[in-house]
Amino acid sequence: MSGSETPRPRVPTGIAGLDEMLGGGFPRGHVVLVTGLPGTGKTCLGLQFLLSGVAAGEKGVFLSLEEDTPQLLETARQFKWPVDAAVEKDRLKIVRLDPRETRQSLHRVQGELGAELSKLKADRIVVDSVSLLNMLSDDEAGRRATLFALAGACRASGATALLTAEADPRHPEVSRDGLSEYVSDGVLVLGYSTAPDGHRVGLALRILKMRRTSHARTVQPYSIGPTGIVVDAKAVDFGAG
Amino acid sequence: MSGSETPRPRVPTGIAGLDEMLGGGFPRGHVVLVTGLPGTGKTCLGLQFLLSGVAAGEKGVFLSLEEDTPQLLETARQFKWPVDAAVEKDRLKIVRLDPRETRQSLHRVQGELGAELSKLKADRIVVDSVSLLNMLSDDEAGRRATLFALAGACRASGATALLTAEADPRHPEVSRDGLSEYVSDGVLVLGYSTAPDGHRVGLALRILKMRRTSHARTVQPYSIGPTGIVVDAKAVDFGAG
Amino acid sequence: MSGSETPRPRVPTGIAGLDEMLGGGFPRGHVVLVTGLPGTGKTCLGLQFLLSGVAAGEKGVFLSLEEDTPQLLETARQFKWPVDAAVEKDRLKIVRLDPRETRQSLHRVQGELGAELSKLKADRIVVDSVSLLNMLSDDEAGRRATLFALAGACRASGATALLTAEADPRHPEVSRDGLSEYVSDGVLVLGYSTAPDGHRVGLALRILKMRRTSHARTVQPYSIGPTGIVVDAKAVDFGAG
Amino acid sequence: MSGSETPRPRVPTGIAGLDEMLGGGFPRGHVVLVTGLPGTGKTCLGLQFLLSGVAAGEKGVFLSLEEDTPQLLETARQFKWPVDAAVEKDRLKIVRLDPRETRQSLHRVQGELGAELSKLKADRIVVDSVSLLNMLSDDEAGRRATLFALAGACRASGATALLTAEADPRHPEVSRDGLSEYVSDGVLVLGYSTAPDGHRVGLALRILKMRRTSHARTVQPYSIGPTGIVVDAKAVDFGAG
Amino acid sequence: MSGSETPRPRVPTGIAGLDEMLGGGFPRGHVVLVTGLPGTGKTCLGLQFLLSGVAAGEKGVFLSLEEDTPQLLETARQFKWPVDAAVEKDRLKIVRLDPRETRQSLHRVQGELGAELSKLKADRIVVDSVSLLNMLSDDEAGRRATLFALAGACRASGATALLTAEADPRHPEVSRDGLSEYVSDGVLVLGYSTAPDGHRVGLALRILKMRRTSHARTVQPYSIGPTGIVVDAKAVDFGAG
Amino acid sequence: MSGSETPRPRVPTGIAGLDEMLGGGFPRGHVVLVTGLPGTGKTCLGLQFLLSGVAAGEKGVFLSLEEDTPQLLETARQFKWPVDAAVEKDRLKIVRLDPRETRQSLHRVQGELGAELSKLKADRIVVDSVSLLNMLSDDEAGRRATLFALAGACRASGATALLTAEADPRHPEVSRDGLSEYVSDGVLVLGYSTAPDGHRVGLALRILKMRRTSHARTVQPYSIGPTGIVVDAKAVDFGAG
């Protein structure tokens, strides 16, 4: 229990504009939830976060529930990120949790995953997505146990973790399960900015919560371009709902 | 695990304006969800997609849960598409899954369908509709297993697949089951454009998500004319809700 | 499996303005759903459809779940339709399915109804209402089986069928059960037009979906006058929601 | 099965403005549902309907689930209606169904009530309220059976019946149970007119549905004065929702 | 069964402006529901009602489910009401029903409470709150039985009773349980007035329903000041929703 | 049962602007609920409240369900609050209730917690959060028992307590469980102020309810700065919803 007031070191996200909003990046060791509607770039953000770490000499683990490894690699290649080199050099490890193998996947998350992650000595972890992980359990208690186990395993490993989650279409700033927010130190929302008449204008993100750091509360437009996610400088308003 | 960065070849949809929005067509091998309210042309889009493939020398399979084969053929003939020739030449195969034969249909999807589809060596598959497929199961776990099995069978076959789904009337950009989005690489929404006062103006579509390719995010008006779906050049705004 | 591209012959609805919107009437053999809030004239439309057929020398069957035969006849007489003559000449047959005799009614629909309808050699069938039919089953699976059996019996008989359904008050363009749309080739919505401030202006209908034919997508005002439903020429806007 | 086209005789409601909207009153023998939020005068309308019949030499029955007989009489006396004389002369009979005696009340409605009502030879029946009747059953099937039995008993008795029901606060034109509309020949809604900014302006009623008669579709302001309900001449707009 | 048309005597509420809206006070013997969101002064209104009776020589009973006796007394003292004197002189009796002692509390309400209340010979009764009473039962049937028993006990005692209830946040004019309105002769809503743009302006109350008396239907601003609730003279509009 | 009318002494919150709204602070011994959406500073407010007490020579207990002790200390250090000194001098005690140890945590709250808290002789208690505490129970009855036990233990200890709760995203002024309001003497809402077009403008708080004291009903902007929460002087409007 140290009395030091040194703030946590930051883990740059690989997206300059977002790092600026965060005061340098995610606080190291945080579990950060990224919620968003389909097509807002959650998987892309996760890959970008890991490969940015690889470029800085760090190690990353991608826990994939949504896509098989070849598809995931292809997504990364599309942005010309050196994903194959990273995998070959053992700087990036893709762990596939098949949602069709319900029991095995659940047992793994609630059981050996903690040891696995610690052994991998990763600096960064991405779980894509906790929404699909939640579907493996048929009751609230099972979902809760799984999520707590997952977050606990991430924290125990010492890595900085990013969990993706589908947004609730009725409340796009809330995850579908309504639980993931409880296990996270921060919440990043990928969504749309809206004009006063309610029409969607473009992609925009907002940091809803980030423990142990001050952060921008503006809504920042972003785009998914040929080199990944780029956050614009100009802030916009989110619609109220 | 190839390091090649060649983007996936594209599968033209048979609708020029839509291909343009997609940068040439659906990425080959993708499972694409088409959601829409009743009467927005989901079945028509599916048939058009298959017959466009037939015209290019490809083979298509239409898995029909909603309509019997004669009705489906009639729908295609209405647009003067050479559907009978395609069936005769074995370029188009219509597979009827009768929703009244619940158990058999479910067993087939979760069992032999994968082998069937692979044996057919189809380039394109349409499933019309996963909403009706979902109704065959009485619990969430059954629906999930069926959807994953279906998507897995489509992917394993190597074909590019298009799944249609009813939109949730409360959130017309979301499928009724709220699950189909999870098994899909892309989501195409057929709906309506709305005037600022909320009145519906006309049919309009939007690509909500398409993995492994950049795509237009505009809302494009379209119509269902005597030769099928035609996407207009001019983009419009979707209503917010 | 004929290669003929002759479009389906049309069955005039008995309402000139509606026939125009449909390009001549309902496609023969279609099962068409008519949804609407209470008091929008669903039963009236059904009777008008049948008696228009009688006037053209056709035979009609009215499957009544909501009203007893005398009340139904009285409703028709109010519009001065020659309903008694039609019944006497065996051109119109009213079949009463009593919703209080739950089991018998369900067994009949799921069992002998198909043979009954075929034996009657009707050209037109009306079922008023599938909402009440749905109430006879206590679970989703039962409702689904009943609806599929009903639609199957109608289609097998060769007649053109019109099913009425209560609209969901939250989404007046959707049936209360949310299932009836799946067994129908077309959906006709009876509702209200609304002023920009959301106030109801008057009765208005819209063809939401009609397979195997192009159709108007406008919202057309109508009234229930002394001779039945009359559709106005001038189109209006439906409210968005 | 008479071929006569004589319209049903009318039963004046006791409220001049409402009779005018109905073309003379309720069609004789109809079961009419009156839905409304608390405090809109449903019980008052029921008593006024009965006492108007008494004044015309008819006999009325009030089936009370909400209030005990003394309270009900007091309510009527407040409007200076000769309710005590009516009871003494056997022109008005108050039947109390105590909602605390669940089983007995349900058995009575589903059993002997039909015979009771027929024996009473009433011209008019009021049931206040079916919402409370519905609460006696714990499942949908029980509520449905009770409602059908009640409506059947009313119809079999030959009287004109008025059923009151609480409105759903989310959809003030729909009854809370969503079932009562199915057993009724007509629906009368007691509610509020609203200004364009959504504020309630005053009490207003609308005839939503009335079988076998044309009727006004306007929204008519009314008030509950010292002599009961009075409907104003000037129509107003209801809010949309 | 008296034929007297003398209106019920009134029980002044202790709040001048409210008495004016009611034409003198609550009709004696009524069970009146007071619904409101948290912080709108429901407990305060209940205490004020009882102490106003005490000042007029009447006796009051406060059935407290929310607060312990000392806290309740403290609340009253804050307004400088002579609550301690009232308790000492046996003009005010506080009965604590501890919601943690679920079974005992339920048995008491459904059993001996009627006799207890009658023995106490109170002129006024307050129950604070029926929302907490409802929570003691785990099913709808239990809640209904408890509420009917409570209202029956109040009525049998001859006192005028005031029941407080939490408002449904989605429909602030409806109680959370949606049942309490059925056992009440009147409904008083404590809420907020809203500006045209939907912002809350200040506290405001409305009489939604009051049997056996005419009453104001305006929305009246009020405040909770150092001497309790004060109703302003000027009426305002409630928001629609 | 004292007749003294001395108002309860106040417990300053550590936030000058908030103390002003409360007339000096929370009434001593109150259980106050703080609800808010993620990222509105609930944990920060709790820590600030405790450390403000420590600075005044009081003792505080932090019951943490959301974060482990080291993370919590780090959060406090970030604001340069002397949290380590407080822990060392035994003026601040952090009690960790691990939500993964469901049974033990529940037994503790429902069992020995009361004695524990009393033994600690704390002046101030914070529970962060009751939302997570609620998740430990799988049914409403369990949640209710736990909440009542917790509030009872806090009250019995004589301390002033602050409970944090997640807001319901549909109704940001209501806690997610909808129960916590029942065990609290006051409700403080942390949320956003909104512009007339519905866009969020900035953080803003409101005192919804505070028993036994008058309080400001304005909406006050606040910010989370380098020294903790600061409430601005200028009041703003909350959005209606």
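For reference, chains read A, B, C, D, E and F in written order, and residue numbers begin at 1 within each chain.
Methods note: contacts are C-beta pairs under 8 Å (C-beta built on N, C-alpha and C of every residue); 3 or more make two chains touch, one makes a residue touch a chain.
Note that the structure is predicted; figures quoted are calculated from it, not measured.
Asks: I need the common contact partners of chain B and chain F, sorted by label.
Replies: Both-contact set = A.
Asks: What are the chains that chain B and chain C both touch?
Replies: Output, common partners of chain B and chain C: nil, no chain qualifies.
Asks: Regarding the chain E and chain F pair, does the interface count as same (over half of residue numbers shared) or different (under half shared)?
Replies: Answer different: the two copies use largely distinct residue numbers here.
Asks: State the superposition rotation angle between the two copies chain A and chain F, fitting on C-alpha atoms only and giving a multiple of 5 degrees from 0 to 180.
Replies: 60
Asks: Between chain A and chain E, what's the gap in Å when you average each chain's C-alpha atoms?
Replies: Centre-to-centre distance between chain A and chain E: 51 Å.
Asks: Would you mind pulling out the distance in Å between where the CA atoms of chain C average out and where those of chain F do?
Replies: 59
Asks: At which residue positions does chain B touch at least two other chains?
Replies: If we look for residues of chain B contacting two or more partner chains, we find 170, 239, 241.
Asks: Hey, how would you classify the chain contact layout here, line, ring, star, complete or other?
Replies: ring
Asks: Which positions of chain B touch chain C when the two form their complex?
Replies: Residues 37-39, 43, 66-67, 69-71, 73-75, 77-78, 80, 84-85, 87, 99-100, 131-132, 135, 138, 166, 169-170, 194, 197-200, 202-203, 224-226, 239, 241.
Asks: Using the touch definition up top, name the residues of chain E that touch chain D in the complex.
Replies: 1-5, 7-8, 140-141, 144-145, 148-149, 152, 168, 170-171, 173-174, 179, 181-182, 185, 187, 196, 207-214, 217, 237-241
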